[in-house]
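Next come two complexes built around chain A: one with chain B, the other with chain C.
Let's turn to the complex of A and B:
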């Protein structure tokens, strides 16, 4: 009796889990499917769920319209420069925070976290109003500055954890041997932390690549890829929406899985555990 | 202050390193915030005043934006915690290779940009979309439901769409929490004859509290600020505070009222975080 009940319970749980799995995968499947489906399979009172017919028409349209490359290049440039700026500011700051007395480093971490409480629209609006006056709308650097607001705290948290894990003895030994604090930073700490710094960089890249709110405030004629997706959502063009969505998603999914194959979930909790 | 004095003396090197970070936050967070505050007092009209505040607070669309934001946040937060905890416990129990496989499967939405997940949800919640198609196929529905027509179905749909994107994050935070619980506690509970429910309520939940608090605060902040999902799913039909602020600026060319709405949102987030910390009594 007990065994039957237990097996039934286990079966129910597995069924529930498979349902959740279906729910997780289905929207992504739909995105790919619609980008490959002929209109008559999708635009009808009851759309087909399976992928019975395949067409490359929408992809041909995407590639031949010439609308893909400018946003792609802008997204790539903005994300790359956001990584650069975030690390340039984040690495020394995080190292400093990691070395400060505990109570101060805790206070600074909390302060950075609190900056997240400010809604993006509160920061985006004044920046947009000022950028209009300075003629900075649509510029790459304008968007990089805004994206760094988002990426910098995240990069810092990750990096604080990375720098804390370097044994202080090592630094003390070096300073006994006569190394200056700058030498210790550039010759010992940074070379030992390259892996962690790369992870922080990838996170900054993902944040910038996905970012939508600042982008919609700060771009008019030169959209990024997420804005391009939104543009076709608004036009009601399901097929170009899905094709652009696939283009926008592909690099992020790959990077996300690469990160998660290497990282444990502590990374997400770690910096706040104190 | 004495401590500040000591900090300045002993940690000059660290403070120099922190300077760029400090300047960056000053220029790109603090100053915009202050300028937003100034904008809310309608400097464009020539004199500072409360016109924009009066205008916003008497706008019925603003009222529904506040209600929509609260409802969507509450529903999505509840769904995400419930699902996130369930999945985290499943993965935690699975162990070994299966734990890795399940984990990698469930984090798929983490790799989908917000606006893309919004676009995908549109395929699902459209009148002629895939949710209605599935419901008809399995016989639960005869006609169609206009999910984005407004009212409760729309709010629910947006909350569900948000849950899709964010549950993995909650799951990962809670999984980290589960891994931090010492196994000996469960062993000794089992020796004392505790059943699974008692283990859950007397060991798992209390020891997860810090992680649940963290998940609620991180997620709560983001839930209140939800933007691209309602924007792409429902546009101006179902305003939340962020999209209300956006439309005031971008469509009605009114930075002042947009600034007011943004500030109200900021205050709501602040009240939520401080209130939650106060009620739960955690420093």
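Let's turn to the complex of A and C:
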């Protein structure tokens, strides 16, 4: 009897898992499928669900149009530099905050999120005005700075939790041995926190990669990849839109997998961990 | 300590180098004057502009054109940001004629009344009014647009039907399709937003209603008719917008639906559905009415090359350019003397456009159009989807509309 119940439970769990998996994966599958389907397989009253007929025509159009590479390179560059800048500022800041007395640390952690509490459309215009005044319209650095506004609080919040999880005894011991604060940070804290730093970096990357609002304001001649997808949603056909959406989604899937490898329980404990 | 310092210096130098490199990459050093143009176009449209239209202008006026893709909605906020920053990096722009009022209200666009003679005599008077606000000319008409009706000629022939010419015939056709196919095949754009509001606006005018009344006989007649028609519509009507309507016509979910003439190119050229034909559409119980849309050209305040921008406007309105745009892109021309240039395959579609334009009606350019859209969408959902009482819902919407209009008048926005 017990065996029957256990088997039934296991079956139910498996079914639930498959349902959730289907719910998540099916839209991505459809996107890939449409990008590989001839119009007659999709533009019909009941579209084909399986990949019975495959064409690379839409991908050929995408790759030969010359419209893919500049936005792709721009998005990659902006996201890469956003990670760099977020970590350059975020690591020392988060370390300093993590070592403050708990009530101050808590207040600062909350304060960091103030800019994220306002709707993005509200703060995007004034920020864009400042950046345009600084001649940052259509530049990579303009977007990097704007995206860092978004990514830095999240990176700091994650890193505060990571640094808190490192026992202070280690640092005190190093200090007794004559290490300076910077030496402690670079030789002890950072090597022990590489996993958490990687997670913060990946989060910063993902926030920058699909960022849209600032890009709308700060790009004119040179769009990012999300703007290109937006363009095809507005102006293109389903097939090219799907192909662009696949290109935009691929790095997110890869990075999410990487993120999963680095994830540890304490990474999300943030500054609120007791 | 020394090593840590060196590492820090190295990091800072790397960031600074990248910074300088990227700023260096973004600098431009034009020899000839560069006219910066903003438009919202498809890839095919850009291709024609960049290979057949712009080079002629560049050659004629010894300049270079930098053209940027910006959608109409985004352009307003983008221009606002540039104007506030004091760095307007665009000289001339094309804009949807339904998105003009915010540009004027926010004082982002030049008054070009003194250049009104740039509009050729061949441009119909009805099209000139769209760029005039408070008696001043702010925009030049350059691309008219009118909703026409597309139908699946094969299916109409199969069931021995003709495209409907009035509301009664529309209802009959919808009933026949539903009866024969077991599912509605007439499509209306009921997704919400501008497509729905525009569709309802057109029907109300053709039923003799006032645009923002909600409570007059035209409005009541329209919604009573829609309530009767609704069960026979295609279920995809609830998801239909300008773009999805093309998809539904192509995949056979709609056999009859209205859309802008851009659908001609999409359906016939992109999707190869040449059995989809077009005609002007049906008339309402009081009059025929077809919403006129389209684009205009404007000069942003603070643009650098004003004279060159005005020459560009004149060039875009020329017979030469309008003919290219008609022949290569199927755009209805702004000049009456260009219609003769239409190609054979386009002729039936452009007959539909010409007929529809004769009964063209403009959507008024008011700042509260957004509020109007919301109220129309609410009326559609409540009356058609939820089945609420027509008179009660319209009365409620009418009162809210009056409130919105009173507020707009107080703020000087109306």
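Here, the second predicted complex is superposed on the first by the 229 of 274 C-alpha atoms of A that agree within 3 Å, B and C clash if a C-alpha of one lies under 4 Å from a C-alpha of the other, contacts with A are read in each partner's own complex, and residues count from 1 in each chain.
Operating definition for what follows: contacts are C-beta pairs under 8 Å (C-beta built on N, C-alpha and C of every residue); 3 or more make two chains touch, one makes a residue touch a chain.
Just so we're clear, the structure is a prediction, and the values are computed from it rather than from any experiment.
> Look at where chain B and chain C land on chain A after superposing the complexes, then choose clash or fit.
Superposition result for chain B and chain C: clash.
> Is A:44 contacted by the first partner chain B, the second partner chain C, both or neither?
Both partners, chain B and chain C.
> Check whether A:214 is in contact with chain B, with chain C, with both or with neither, and answer first, second, both or neither.
After superposition on chain A, A:214 lies in contact with neither partner.
> Who does A:157 touch here: chain B (first), chain C (second), both, or neither?
After superposing on A, A:157 lies clear of both chain B and chain C.
> Look at the residues of chain A and decide whether chain B or chain C touches more of them.
Per-residue touch count on chain A favours B.
> For A:137, using the defined touch cut-off, is the partner it touches chain B, chain C, both, or neither? Pick first, second, both or neither.
Touch partner of A:137: chain C, not chain B.
> Using the touch definition from the top, say if A:183 reaches chain B (first), chain C (second), both or neither.
A:183 sits against chain C, while chain B stays out of touch.
> Should A:145 be classified as contacting the first partner (chain B), the second (chain C), both, or neither?
So A:145 only meets chain B here.
> Identify the partner contact of A:205: answer first if only chain B is touched, second if only chain C is, both if each is, neither if none is.
Neither partner.
> Chain C clashes with which stretch of chain B: 40-48, 76-84, 148-156 or 202-210?
148-156
> Would you mind listing the overlap between the chain B footprint and the chain C footprint on chain A?
43-45, 47, 88, 125, 128-130, 216-217, 230, 234, 238
> If we count contacts the way the header does, which residues on chain C are in touch with chain A in the complex?
1, 4, 7-8, 11, 15, 18-19, 22-23, 25-26, 40-43, 66, 68-71, 74, 77-78, 80-82, 84-87, 89-90, 243, 247, 250-253, 266, 270-272
> Within the complex, which stretch of chain B touches chain A?
Touch list, chain B to chain A: 7, 11, 13-15, 17-18, 20-21, 24-25, 28-29, 31-33, 35-36, 39, 83, 87, 90, 102-124, 128-130, 132-134, 136-137, 164, 169, 172-173, 175-177, 179, 211, 214, 221, 224-225, 227-228, 231-232, 235, 241-242, 245-246, 249-250, 255, 258-259, 261-263, 265-266, 269-270, 273.
> Within the complex, which stretch of chain A touches chain B?
13, 17, 20-21, 23-28, 30-31, 34, 43-47, 49, 88-90, 92-93, 95-97, 99-101, 104, 108, 115-123, 125-130, 145-146, 148-149, 152, 156, 181, 209-210, 212-213, 216-217, 226-227, 229-230, 233-234, 238, 241-242, 245, 248-249, 252-257, 260-261, 264-266, 268-270, 272
> Of all residues in chain A, which touch chain C in the complex?
Against chain C, chain A makes touches at 39, 42-45, 47, 65, 67, 77, 81, 84-85, 88, 125, 128-130, 132-133, 135, 137-141, 180, 182-183, 186, 216-217, 220-221, 223, 230-231, 234-238.
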